[in-house]
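So, here's a batch of structures to check.
Each of the next two complexes has subunit A plus one other chain: subunit B in the first, subunit C in the second.
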Partner chain A sequence: MSQSEPPGGIFGLSYDGETRIFETLKLISTAIIVLVGAWPIYWVTQLAFTEYETVEDVVTVFPTPDIFTLGNFVVLTQPRMYTYIFNTVVVAIGTIVTVVLVSLIAGYGLARLEFPQKENFARVLLIGYLFSPIVIGIPLYQIWRSIGLLGTRIGLIIALSAISMPFAVWLMWKYIMTIPEAHEEAAWVDGASRWRGFRDVVVPQCRPAIIAAALFAFALAWNDFTFAQILLPQTDTTTFAPGILRAMGQAQFLPDAYLMAISLAMTLPPLLFAYFMQSYLLKGFQVRAL
Partner chain B sequence: MPDIEIRNLTKVYEESGNRIVAVDDVDLTIEDGEFVTLVGPSGCGKTTTLRCVAGLNKPTSGTIKFGDRDVTDKPVQERNIALLFQDIALYPHMSVQENMAYGLKITGFSREERIARVEEAAELLQITDQLEKMPADLSGGQQQRVALGRSLVRDPEVFLFDEPMSDLDAKLKAELRPVIEKVTDEIGCPTLYVTHDQEEAMTMSDRVAVINDGRLEQVAPPKEVYDEPDSQFVSQFIGQPSTQFFDGNIRAVNGTAELVVGGYEYDLAREGLEGWAGDDVRVGLRPQYIRVSDDPDAGIPATHLLDEPLGDATHSFFDTEFGEIVVVTDPDFEGNGEEYGLVFQSDSIQLFDSESGVRIA
Partner chain C sequence: MAGETGETIRPRREFIPWDDLPVERETVVGIGTVLPVVVLYVLIAVLPIAFAFWASLHNVHTLNPVWEWAGLGNYREVLNLSTFRGSLIRGIIYMVGSTIVQLAVGLWMALVLNRVTRGQKLLTAVVFTAYLIPTIIVSLIALRVFDPQGGVFQMIGAEWLSLWEAREAPLGSQTWAMPLLILIGSWKFSVFITIFTLAQLRAIPNRFYEAAKVCGANRWQMFRDITFPRIMGIILVVVLLRSIFMFNKFDIIWQLTQGGPGNATTTLPVLAYKTVYTDQAYGLANAISVVMFLFLFVAAVAYFKLFNPSEEVETTT
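After this line comes the complex of A and B, so read on.
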């Protein structure tokens, strides 16, 4: 090795050699992620567009024109599917609204007000994550039954909001801390009440955090299975995830291709939502010390 | 419009058992239309005082009155003040126009009235062409103009400034100073301006209030604070380069008092020093009143260290038996490291109590 050539990297190889190895490893890991993550989505998609008789009989890898069809999606027009989708949308929106409103107010309180045991209070919130939904779900079932929330969408919204809340509150808390207090003080000097200053000055600046919290709540509510299964026990009025499983179990006429069509239809909204909001999402998650 | 009357204002912070007295029994009256600057080093309590007047901090004791109105327990929203912040604090999600109109909107002015007032203020501040922009698109100086405009449109009872120019460069400061004076004149209310920059204090104020360790050291017009400081702290804090200090002693000779500094005697010919005979004193002299003689035997022998030419004057540093001494010299002065003699202009010497720092003569 000549003097002018820089010494090798951490593995004692030349820089070129290390770069090559690094690139190769990167490709391999990308391939693994694609295989594990994207392959199922691809499989769902291609089956959803293939005629259901073909799906039952042979293994296909691509819906070529002779077996391509949109016919599988007629299953979505079934009244029961309609109910499932409607319920899922209502629960998701309800959860988002609840989570955003509560976390904004709680986050503001944590960021701006002094009260005893503030830090501990915030930490206790995180304990909620120690339990799996099924552990919380069973007592909730009994409680909801006795206070009449069992089988209602409100009941499910409350349960799902509680699950999203710790993260959302922490996010808002840390995000609001990054907004200079002088902004609010300027509003007070201008004559705004505390509430008005919060509404006019703090909330508009929290937009990235609001979107991040909303996305998080949406993903949780949209994909929730356990709580919906437990808290919406009636097959007619449940959400999509448990509904589709029960439909499968009831052994009616529901070919695999139809299942795939429903799955695809229900996967698309969160996918699009996340894709178009990703810049906000990143900004929201960028808060330091979170 | 009313005056501001601050009486016995004290603010104590309790922090994990420690009592920190930020503001200690401050008395200050600012007349209607008067511009008073509160100046002092960082951590001296000047911002706390201002925040108490604004209503953002609650005083531990004392009263604050705007005219006949006791506002001590009134929240900031009800005080009808204007406040310029150090970090400017424009609302980043509102345009310049909306920023300036926000206070009016809360008070309930009609849309037409808001626009008219904002345009009037913008004209005075020369930011008419910036009204549609967002604060992030403006330079620091323009942002501070907008913040001034936000206060101007509301026609406040009291105008407060919390180091509004500390983040701006020297040239912008000089540009903005007349704008601030114009705006405060226009509103014509009492103004309290807090800064650590003595140049701002000297150039803009009707009176300067020097504060140190939570206590007011002196409140007087700028010239008086400079020429006749009440204490060693004021003398040292106001003026650039700062006052040079020496240890001295008063000696009674033939019925008059004489000052001895090191081996040098100065006949001060001043009244009231007789009582101090035999006592140690602190001697202060502004660098402007020290003359540099080419003859090392005239006055205190000094070795030239370096020159800082400023164009209109030069600050020259000398090494002497009393340590380093700064002298303001002629703009053409070049010391070249040679030996000189420093001559004190004895009628400009200030004497301070060596313990309390209070001015003696």
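After this line comes the complex of A and C, so read on.
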């Protein structure tokens, strides 16, 4: 700090004055973040409960009793929409299971065992971030077609699992490193095998990391559009994101209020996770799994 | 009796005679643990990229897999394609614009969230919602609010700010499509930077700030000399990741504009997709994919060489 700078706050303000300005700015910023962040959720919700004729031609800000309706949710009972949502759920669960199993085992190996090229393996893992769904998806379309995985949910699950791998493996690796090895050694002394030690000592302690990895895999699978669009080309067996987009493209009775209703239904699971599981999400980022 | 008590200590007889083999048991098991990841990587990355390269040397019709050798003809065609150069430039505009907006917004949110004392749980939930919400939902909402019929942002832009005509769809206009794409994407993706930076900010010990306060430093000096050096490393990492992700972004562009109007929002991923399904030129599309991959690879290697963000990653082990 040079001598010429005035003591106290910025621009020669007193320390108290600076604190007051700082607090005000913080308050305004918080308000803006909450408003901009929550606004789309509010807007979907209010449109989902407004009659669709009204949504089509005037701007409303709140579903007052004369335009309020639950009728838009009838879209969820359409067999096609039901299939889309079912497929999305199956793919999400499949991805979560694959990612958690594979990353737990790999994370354990990286954290506890010595083998050649370990560091290089971890570095190569980061190249996974270069995978672009479109660059991978176009060749994968032909590969999957020739081995019969095109249009199957398994094919999509494999692709999505590989994409979640760099994050999940780094997370597990770093997390298992924080568990003292002495816990396992105690089990070995009692005659447990390495596998028993892994299953009964390490895995139970990894619960937060497992939940975090599962949440990120869920976010990826729930979010996916590109892979599903390319790898599930049949319109009637695809997942929600490409399905709804194609349904919009076809001239059918699908007013915007219906779209908002189904969007709200698809937003609810992530919304609940964001609120109730945030400590796990934060934990996932705090071990800096990249 | 002695044999029974000794039983638990003495190693069990192995089915595989590890002692006679030239490799350590630990090596085999260790490699075995990462094998599933390697298999997945080979299946989803190595194989497709090798396949893409091989296919790019042929003329292939998307639906009719007759491969006709074309050599490097596809690459020549790609580089001469008028849409390729335009798409590359638009892709770079989209990438740079998005990364700058997201970096500014994301850093600002992280700094605010780090200092917020009340309502932290709600704020964090808002931030994570943006991270977890599917892109298609963001697109559906954006399509709704920018619809000339009853879209609220369309109305605000037309009637209050007169940015566009009353009956004009902003996402279908040459001037507004690209800026709006950048802004809509940033709503969702800024949070990525926030989350990473926030984790780093939380790791700065409070005593640094206390010591600075005792020495009479003001808030700007504290930011400049304590906070900023500490978050510099992670900023370089997220800028790299965000740039890669935005360059590869396909979903939100396809959902909102399908690359239109005209080619105003056609970036390289959109061009590759269109080449496969609209032009049915599978070999050519693979050539575009390979060029995209090489471009990213070179960019990433250059970035690693310049800033070495992996150093930052390694020091946190």
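Note that the second predicted complex is superposed on the first by the 269 of 290 C-alpha atoms of A that agree within 3 Å, B and C clash if a C-alpha of one lies under 4 Å from a C-alpha of the other, contacts with A are read in each partner's own complex, and residues count from 1 in each chain.
Heads up, the rule we're going with is that a residue touches a chain if its C-beta (ideal position, glycine included) is under 8 Å from a C-beta of that chain, and two chains touch if they have at least 3 such contacts.
Predicted model only: the values in this text are computed from it and were never measured.
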First (subunit B), second (subunit C), both or neither touched by A:260: second
Touched partner set for A:123, first subunit B, second subunit C, both or neither: second
Which of subunit B and subunit C A:200 touches, first, second, both or neither: first
Touching partner for A:191 - first (subunit B), second (subunit C), both, neither: both
Residue contacts on subunit A - larger count, subunit B or subunit C: C
Touched partner set for A:74, first subunit B, second subunit C, both or neither: neither
First (subunit B), second (subunit C), both or neither touched by A:180: first
First, second, both or neither for A:140, with subunit B first and subunit C second: second
A:34 touches, of subunit B and subunit C: first, second, both or neither? second
Touching both subunit C and subunit B, counted on subunit A across the two superposed complexes: 191
Complex interface listing, subunit A residues touching subunit B: 180, 182-183, 185-193, 196, 200-201, 204-205
Contact set on subunit C toward subunit A in their complex: 8, 26-27, 29-34, 36-37, 40-41, 43-45, 47-49, 51-52, 55, 65, 108-109, 112-113, 115-116, 119, 121-138, 140-141, 144-145, 147, 149-152, 155, 187, 195-196, 198-200, 202-203, 215-221, 237, 241, 244, 247-248, 250-251, 254-255, 269, 272-273, 276, 282, 285-286, 289, 292-293, 296-297, 300, 310, 313, 316-317
List of subunit B residues in touch with subunit A within their complex: 54, 56, 75-77, 80-83, 85-87, 89-93, 102-103, 106-107, 150, 154
Subunit C-facing residues of subunit A, complex: 1, 5, 7-10, 15, 18, 22, 26, 29-30, 33-34, 36-38, 40-41, 43-44, 47, 55-59, 61, 101-103, 105-106, 108-110, 113-116, 118, 121, 123-136, 138-143, 158-159, 161-163, 165, 169, 174, 177, 191, 194, 215, 218-219, 222-223, 225-226, 229, 240-241, 244-245, 256, 259-260, 263, 266-267, 270-271, 273-275, 278, 281-282, 285-286, 288, 290
